[in-house]
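Worksheet: one structure, shown below.
For reference, chains read A, B, C and D in written order, and residue numbers begin at 1 within each chain.
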Amino acid sequence: MKTHILLITCNDQTGIVARVSGAIFQHGLNVIRNGEFVEQESSRFFMRTEVEGDLDESELLNELRSHLPPGAVVRLAEKREKRIIVFATKEPHCLGDLLVQCAFNNLNAEILSVVSNHNHLGSFVKNFGYPFHHIPHKGRSREEHEKAILELIEPDQVDYLVLAKYMRILTPEFVAQYQNRIINIHHSFLPAFVGANPYCQAFQRGVKIIGATAHFVNEGLDEGAIIAQNISPIDHQFGLNEIVRTGHNIEKMVLARALHLVLTDRVFVSGNKTIIFD
Amino acid sequence: MKTHILLITCNDQTGIVARVSGAIFQHGLNVIRNGEFVEQESSRFFMRTEVEGDLDESELLNELRSHLPPGAVVRLAEKREKRIIVFATKEPHCLGDLLVQCAFNNLNAEILSVVSNHNHLGSFVKNFGYPFHHIPHKGRSREEHEKAILELIEPDQVDYLVLAKYMRILTPEFVAQYQNRIINIHHSFLPAFVGANPYCQAFQRGVKIIGATAHFVNEGLDEGAIIAQNISPIDHQFGLNEIVRTGHNIEKMVLARALHLVLTDRVFVSGNKTIIFD
Amino acid sequence: MKTHILLITCNDQTGIVARVSGAIFQHGLNVIRNGEFVEQESSRFFMRTEVEGDLDESELLNELRSHLPPGAVVRLAEKREKRIIVFATKEPHCLGDLLVQCAFNNLNAEILSVVSNHNHLGSFVKNFGYPFHHIPHKGRSREEHEKAILELIEPDQVDYLVLAKYMRILTPEFVAQYQNRIINIHHSFLPAFVGANPYCQAFQRGVKIIGATAHFVNEGLDEGAIIAQNISPIDHQFGLNEIVRTGHNIEKMVLARALHLVLTDRVFVSGNKTIIFD
Amino acid sequence: MKTHILLITCNDQTGIVARVSGAIFQHGLNVIRNGEFVEQESSRFFMRTEVEGDLDESELLNELRSHLPPGAVVRLAEKREKRIIVFATKEPHCLGDLLVQCAFNNLNAEILSVVSNHNHLGSFVKNFGYPFHHIPHKGRSREEHEKAILELIEPDQVDYLVLAKYMRILTPEFVAQYQNRIINIHHSFLPAFVGANPYCQAFQRGVKIIGATAHFVNEGLDEGAIIAQNISPIDHQFGLNEIVRTGHNIEKMVLARALHLVLTDRVFVSGNKTIIFD
């Protein structure tokens, strides 16, 4: 039987769950998994429901909207592989992990292509059978560079852009075109060590734990809504190289975790926070 | 406004959420927090809902039962401090943590008394102002010992018995009288190292991580439904003493976590598993 | 047989380990545990050795100094309970944990007294049998307040001051009198969320992990050398209260861990870093 | 300047460190990193020292042996890439992680070939440019199957065999030929859930944490010396598929960690324990 994921965001109101679950029942759908959450500070209601059964999409959505406060966002996510483009620079660990996962259909995503400002990873990507686009930033202004990228990727019906250690800052204009659709992995436990060289900063500060953060990209540097974080203990014996080695393992785990959540439609964004039904 | 916690367990059926949330809405109650879960292997439905508002308890429960399959268990948990009796033997760390928490109302529990088969912790407990009952097991059969305990604790309207490093095995007869109401902390990552001296076993096996497990007590040794577990890394430099020291910290954290969950009515037991709405 | 802890810091040089371990051997001492570390960026050598046997302290130290570069710091730490004074404000969780540990000799410390700028914790501390000094800050300048504290604590031969959620910032003058001898627990994963209300900051930032940091206090706010850190995962369902509850458990674990290390002479400070032989 | 790793195991004796470090100094070698450990229960001494400088290997080793108790094992590990053969069955996650690491020289190993009892991973491996040997077990006795494997791998000067989710049990005879040179990843937190289907066992037991263990293979099932372990929290919402997905991430992290340690000569085996200088 076909499975659908119903995603609802609206202002909170008494009785929403009753009305929505009533409508689902009347359409003869079976609830497999259900989650609701009310964010107190914004008085916003979030709901994610996996249902099983045959449905007329527009009919169901229209009825649901009739039960919800004005401005409600209601959508049915298709349970399908998402279409992603991966951005990388020179480091292979996060990209490699995604390529291996996709090679065995473990990511719920189809990689359309890999874009890089360097040529370093080209033959590696091509061995996996994916297109690799080298778009150098040298000799181009930031705007020209992004324009070249956009020309390349816009024709694709891409769902998400994944920055798998892409070491360029995107302009607000670029980001605006893919709102809440660009996922970055930052190699620190944000908000600690924003910006460049977080491992170097961590080494110099003498922290006992390092981490990584996967987040949506917004116009502020490393300020977008956090999707996943994880950490690993270190000690004074860790030189910078060992911190980096340890960190790379966390980065790839955290990015994989965040992508799993996003690509299976489990993540809502509310301001600079995520609400995750995992 | 008054807050109530509604707890429902029944066989799964299409439309339960719709009917229950409809009834809650019709009673003019506001849902603050809501969780549902269907255990696939048992086809059992579990629901925990925090609602706000005035209600007629028996009227609400009767109506809810009328909407649910036969055999449904429905109850309203009062949002109140639970009444607990703590059992200990000689080690103070878990007991001490509970006493400190209760001294500042951080546990959602009232400690009625502390029971021990040794006198070791007596003055410590009394300094906190709680009754301490020394019921030695020496010279008594297991049945006589438990009988003495039962005579002491039965008059109390106790909600839960907390075994805070109580180093005696309870008989199935004793356990049966407090089904799913006895919580134990075991000093290993169950099911590893069941039984006696788990730290010694861990030392001898050369594991790189040790742990602790809080679980409900049933008739099998260390086999009851697990509520919470946590771990800490160790290495070859850890002698048995250092393993024990590290372990004690995990034990008290895990027990505190499990008690927080149980004492705020977040835990359902289903067979040998727990379903936790945290 | 008596155990001693030998602690050496000096500029690095080829052959130090050979000369030091030769001298230890010639004095007929048995090495139980030994650790060395060279900090590359400072070219400093650190060594901690536990030895067993009878020794003439000044003779051994003099000989060791003769083998080491000029400026070497060599000392024998007595293996004894350290003398500490605990500072707190209103929150009991860290203080309570220390009191319970000390009550059963698990901290390698003797608590001389507890100092607080509020009266809130007074009877709690007195029930454990320790002196409690309420030194209010209200109506006093920061300098007057610290002067009152210093007058109280200076007569004691105190080894360390432990800030167990003491919510006052100490002046550089105060700190200078107890260099590398004041240990603070900060309720965030430093350097994230420096300063006031870190849990509130964490809540607003939408992080997925919170943490705590135990560090030596220096003249900069939350900038002293870090001794221990730990974290706990949270999610969007955690309101501020639940973040605080979760955080309190981490705080007490991290402070206990840091104190264990410091009070057993395992921690060297090098600039804003710690070198820990655990 | 050239770097060497000196590895010593012998019965403990007073003065060993002094004599060994004296000899190192006399040979004009500079100690970069040094670790010693005495295992109390076996009275065995372990030492790992990284030194810098020119040396005459046999001269140094002979001198060191003259300073050590009879039976001492002393060797100089070359700081070079180790030669490994990877065994896999059908699952790609651990193997893929190793292939990506090796493709960018991050593992300190050269993969000589990949051996599998299935053909499933063949084209994947070949895309990375490594030989893939499909040696089916069907229609062969265990001895015949292992004989075919041995014939294939014996000509290679292999340092370690890495079982990256190789789902066959090796005979004691096979294991004996590669003592302490076969590394396995087991998908549970050993000693919990020995043997087949540990994730299924974990699901049925209702644990709140799952884990993975990398260990040397010996003649007992899942009983060899543990090198690395790690865990991930789960809850009642995790079905078996989600447990497996989560577990796979831990497996690849733990195996990568263990291999890093082994392949850089940081691991001693003592009975069923490892001593690790990381």
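In the analysis below, a contact is a pair of C-beta atoms (placed from the backbone, for glycine too) under 8 Å apart; a residue touches a chain by one contact, two chains touch by 3 or more.
Note that the structure is a prediction, hence the values are computed from the model and not measured.
Asks: Could you compare the number of C-beta pairs in contact for B-D with that for C-D and name the larger?
Replies: Taking the two pairs in turn, the one with more contacts turns out to be B-D.
Asks: Would you identify the chain whose Cα-based centre sits farthest away from the centre of chain C?
Replies: Centroid comparison gives A as the farthest chain from chain C.
Asks: Could you put a whole-Å number on the gap between the CA centroids of chain C and chain D?
Replies: 37
Asks: Counting in whole Å, what is the centre-to-centre distance of chain B and chain D, each centre being its mean C-alpha position?
Replies: 40
Asks: What positions in chain C touch 2 or more of the other chains?
Replies: 237, in rising order.
Asks: Once you draw an edge for every pair of touching chains, what topology comes out, line, ring, star, complete or other?
Replies: Looks like everything touches everything, fully connected.
Asks: Which residues of chain C touch chain D in the complex?
Replies: 14-15, 17-18, 21-22, 24-25, 30-36, 38, 233
Asks: Which residues of chain D touch chain A once you look at their complex with the stated criterion?
Replies: 92-93, 96-97, 99-101, 103-104, 106, 124, 127-129, 237, 245, 248-249, 253, 256-257, 260, 278
Asks: Which residues, counting only chain C, touch chain A once they are in their complex?
Replies: 37, 39-40, 189-193, 205-209, 211, 225-231, 235-237, 239, 271-276
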